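Same chain, two partners: chain A is paired with chain B first, then with chain C.
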Partner chain A sequence: MGEVLFFVAGIGAVAGAIGVVALRNPFYSVLALVSHLLCLAALFLLLRAEFVAAAQVVVYAGAVMVLYVFVVAYIGGQDEPLGPRAGRGLKVISVLFGVALFIELSIATLGSGLQLVDSPGAAVAASFGSPAEIGTLLLTKYLLVFELASFLLLIAVVGAVVLARRRGGLSAAEEQERYSAMDILRSSYTGTMAEAVGGPHSLPKKAGAAESAPADDPAPADDPAPAPADDPTPTTEPAPAGEPTSADDPATPEDQR
Partner chain B sequence: MIATAETIEAPHVDWAGLSPLIAVFLGAIVVLLLGLSRSRSARETAVPLLSIATLAIAIGLSVGRWGERTDLIAGALRLDELTLILTILFCVAGIATVLLSWRHVAPRELAHGEYYALLLSSIAGMIVLVAAQNLVAVFVGLELLSIPLYVLCAAEMRRASSLESGLKYLVIGSVGSATVLYGLAFIYGATGSTDFGRIAEVLAGGDVASDVLLLTGVALTIAGMAFKASVAPFHQWTPDVYEGAPTPITAFMAVATKAAAFGVVLRLFDVALIDAALDWGPALAVLAAITIVVGNVGALGQSSLKRLLAYSSVAQAGYMLAGVVVATRLGLQATIFYIAVYLVMNLAAFAVIVARERETPLGDDISSLNGIGATRPALAWSMTISMLALAGFPATAGFIGKFYLIEAAVAGAYTWLAVFIVVGSMISLAYYLKVIAAIWMQPAEDDGTVVATEPVPLADGGETPLLAGGAEEATSARGQGELVGVAVVFAALTVILGIVPSPLLDVVRDAGAALGLL
Partner chain C sequence: MSGGVLAVVGYTEPWYIQILKSVVLFAIAVQIVPVVLLAERKLLGRFQHRYGPNRVGPFGMAQPLADIVKLATKEPFRPSTSIGFLYALAPVISLLTALAAFAIIPFGDVANIFGQDVGLYGLDVGIGVLYVFAFGAIAFYGLMLGGWASGSKYSFLGSMRAAAQLISYEVAMGLSLVGVLMMAGTLSLTEIVAAQEGLWYAVPQFVGFAIFVIAAFAETNRVPFDLPEADAELVAGYNTEYGGSRFAAFFFAEYVNIIVVSGIAVTIFLGGWQLPFIDPPGWVDPFVVLGKIFAFVFLFVWIRATLPRLRYDQLMSFGWKVLLPLATLNALVTAVLVVAL
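Now for the complex of A and B:
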């Protein structure tokens, strides 16, 4: 029974993994990933790692995958291929490296892993891998790692938030704060922050690239910036009195970086 | 389930031993909160000052713990001289990075609190990484080091190349981390333990050292660490990421990340896997030789200073790897010494690059240094000393470092690798001297205070972005005191350590003794 389940789950896991990279439609890729993760959970069960199997289903197949589905549904792009087409040389090399890694891992598993198939297995305690055991380890041996992981999550959230924040993160009041008399005397294009930030009179620069940067998917970063014609705020609008000269000039293409 | 009813004994926490790490963590939290302040001076002045204070406190606490050799928190971390000297080096690099970022556009774009908090947490990750003597701690330290750096690389969000740099580093770095994790899992599978000490015992006790499972794990770990330390052929990301990232972050990555990667490699390979040295030694030696050649040849054709230093850092990683390969105490000492002097030399060079990026519209192109020998002697001399030291000229710290490495390689029966180091250094003169020639022999295009009113065409046909490194004070040399200070201090240290290396050599000797190698 165990062998049958192993081969069913193993073939399912491999097929799911192939589906993730082979399917062109991102939504089907996500579904393939879900089936892959469920098969992995079955394999964990066969290893008597009930906790890991449950965590796999709840965290990955459940929570993380829902996020993926949301992102795919939100961004859409089902008709666009994922990323630019790779060159022929790159494809050949990547296949070669994949084959090399496969051979290396096959030697490793056939060479030592499979020798142990008929043996009773590693000498582990009966409670090895049980939730109680894992909890005990997290609070004793891996206490420091446990605490560090929480800090790591905090810093990852901070990083994601600062990257995904609205690009007009500097509020109007703050903008005004940085202007001084020197700004009026200074000629334009002096590399000031006012020019970099643009203020209300410049085009939205790189909005697409900036917002897609933290995403896992590199493809949207290649999207061109929104066309200036779509810009609701006309750049030729006369500046109100008191605006510094450096922000007066309509944004020229050179300014678009 | 019955086991839960028993009381669990919490591990002993040695607060004094952990104090440098705790100081950095606390500093990161306080800086993050202070960054929310409404007052602009609190955000733009107090936050960097507090970051410097945090790092200075961590240095002080590390010095105070000198000489202790204990395990911390159930053996997750090891407190010894190797940990302490690398902690001090990370903090020095961090202080220099804070000074280089002082008026830079990057912290303002990312918000000051977050920028410096990310920097501090990256340093904390490095400390964990080099102190770790447990495979799980190694991986968490590696992630804690990397994730803030991915964000910091993309800090200048309105510059496409900065975003590209962050994205590239994220993708490549994640592949590297995954490879390391895969390798560590294999090592655990082969030895049955995640503790370095236990792994070493298992390897010493049986024929596990020739086990295919273990060797696969070691190979994958080497590949993953090579990504982090930008060792060829895993270095391709380095020039692009270094060029695109904000220059202070480039400086930090070039010196601190490399030091951390080598710190963990030293401990992992020279403690846990020391009995498999016959297997990984030749592999690392070949990687070192390839890295020296690829880095030095790649740097020859570069016109961007940051790309040039990126390739130079690849080559330097090859030199440092030679000290790891030999797996002797001499090799360990030589590697740590070289990590220290490499940090000093590179920080001087990057300070000059940041200064010139602000003074000229040329960005980090090599022509931005044209003629500064006459106009900005302090920067010119710092850059000259730094370049000569990186090339390994006598009377600089770089010479002593290379001398030490070559000695270790020859003594460890890797004479051919020593030949590679010497030939690589000879090739490297071609590009380091190119920089020096630009400083002293090219006519100054401007006096360094004129600001371009239109994009300036570069040698490679592109145009300088007007805002390259653009700070508010892009106009003149005023307000550059901290940059000149960093450049001069580290250049002076380069010369001092080149003439009187014995204090650093003594410190390094302590660190070498800590690992118990022959």
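Now for the complex of A and C:
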């Protein structure tokens, strides 16, 4: 049973990995990566690492890849294949690296792994791979590594916010002029869809723009931007917040896109 | 299960018991859904001052059967813009993950049936609720692929909303459980139930419970968070282009998800099979759990009849600006109290 599952998951993982690089449609590539990650989770489960398997599915397949699918489905449609094929030099280098990696793995596998396929494997404690065990290890033996990794994630988050604000985010002055007496009198979230793109305090400004916009220029009425703009996840929140800056100024409604 | 390589996840029964349990659990899941379906339509009718279905069978009780026969005998079709295999795969993923998650709900402790110890649950894994979240994560692909592969704008927008909503509320949902997990000191659902002897976690963890219930509505795409299938804007959202038995599969999965979420809430916050003040014999346990699940499903219907749908930005800001900080704070306070007391 275990052997069958191992080979099913192993073949699935390899096939998924090949699919990621071989498929020309980005959406299918992402799906191949998802199936690859799920097969890896199955392999973790076979190694008695149930917590790692669950984390693999929840974090990678459930969160990271969801964002990939999200973005690819939005902007990289099926009609747009991945960019032009790599140049000659890149091809040679990639093949060299691939061969080197294959040889390295072959040495490791032939040296040890294949003999162990038939054996029951090393004895492990019953608590091996349990959440409690992993938590203890992370907070004692690997505390430094754990903290460094979390710091790295924090840097990534801050970097994402900084980058998003730099690209058309609100300037401090713009953000300030949004407040008026109306905002204080009106309870939040009682406005219209206009709030969606500008946050709770932007209604008076935005409502004026929405009323005047069709009168000035009928084109923005079927402007598709606001609809997708409120759909992306809040991870990209600063980006939708940038929309009102273009909508507020009727003179240049389309320039910034 | 030949033992050996497979991870030990509480497997104590022989293989035939496990197969039998799987079949029984599947049968239970299949039987509950029509009941919930009928209960919802009847109750919704009463909430709206009408009778609800009352033509098929006595008191309209055969209505779900008629619905199922109608859907199953419809001609399978797909839009010419759809992508064949993904279009067919999506409902399968939804159904599979919903039923798999159902397996973890404990309906009782280990019982002795004909001289054989049987745990009244599909499986009792050491990772507990993470199992549910793992399958919830995969379930997203059912919605997403269904919407994307349909090749229709409404489906696509619906699946996009589903994606954003599921990610947003999954975080709050997971964090709302952390308090309970810290108090119980275990992830195993049966042990969490056992730890609630005397006091259900809904009392000390009332903040976590409230957050969990709200997030559960969002995770199951129910009113007032049914943006992915907002019928006023998106026809039917991600399943717009589905019909016949494929639509039935989506529909079925949705209701199994409601039952699973109710079951998790009952298990983690409402004491599972335990009753206050009385300690009934073991064979009552599954009925206690089922009764609590139905009470929870009633709440789902009640809310559906009461609240209007949220706007999309309200949904998002509520999830990220209210629920998530609150859940984090709850986890923090619980951690401090657990260590201090």
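The rule is simple: the second predicted complex is superposed on the first by the 146 of 257 C-alpha atoms of A that agree within 3 Å, B and C clash if a C-alpha of one lies under 4 Å from a C-alpha of the other, contacts with A are read in each partner's own complex, and residues count from 1 in each chain.
What we mean here is this: a residue touches a chain if its C-beta (ideal position, glycine included) is under 8 Å from a C-beta of that chain, and two chains touch if they have at least 3 such contacts.
From a predicted model like this one, the values you see are computed outputs, not experimental measurements.
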- Message: Per the contact definition in the header, classify A:108: touching chain B only (first), chain C only (second), both, or neither.
- Response: first
- Message: After the superposition on A, what does A:38 contact: first (chain B), second (chain C), both or neither?
- Response: second
- Message: On the A-aligned overlay, A:145 touches which partner chain: chain B = first, chain C = second, or both, or neither?
- Response: first
- Task: For A:66, decide between first (touching chain B), second (touching chain C), both and neither.
- Result: second
- Task: Could you say whether A:74 touches chain B, chain C, both of them, or neither, answering first, second, both or neither?
- Result: second
- Query: Just chain B (first), just chain C (second), both, or neither: which does A:48 touch?
  - Reply: second
- Task: Return first, second, both or neither, reflecting whether A:97 touches chain B, chain C, both chains, or no partner chain.
- Result: neither
- Message: With the touch criterion stated at the top, can you tell me which chain A residues are shared between the chain B interface and the chain C interface?
- Response: 189, 193, 195-197
- Message: Applying the document's contact rule, which stretches of chain B touch chain A when the two form their complex?
- Response: 1, 3-4, 8-11, 25, 28, 32, 40, 72-77, 105, 108, 110-111, 114, 117-118, 121, 124-125, 128, 134, 136-137, 140-141, 143-144, 147-148, 150-151, 154, 157-160, 163-164, 166-167, 171, 186, 189-190, 192, 211-213, 215-216, 219, 361, 451-455, 463, 465-468, 470-472, 474-475
- Okay, in this complex, where on chain C does chain A touch? 1-2, 4-9, 83, 125-127, 130-131, 133-134, 136-138, 140-141, 144-145, 148, 156-157, 159-161, 163-164, 166-168, 170, 187, 311-314, 316-317, 319-320
- Query: What residues of chain A sit close enough to touch chain B in their complex?
  - Reply: 104-105, 107-109, 111-113, 122, 127, 132-133, 135-136, 139-145, 148-149, 151-152, 155-156, 158-160, 162-163, 167, 169, 174, 177-178, 186-193, 195-197, 205-206, 209-210, 213-214, 218, 221, 254-255, 257
- Item | chain A - residues contacting chain C, complex | 1-3, 5-6, 27, 31, 34, 38, 41, 45-51, 53-55, 57-58, 61-63, 66-67, 69-70, 73-74, 78, 120-121, 126, 129-131, 189, 193, 195-197, 199-200, 230-234, 237
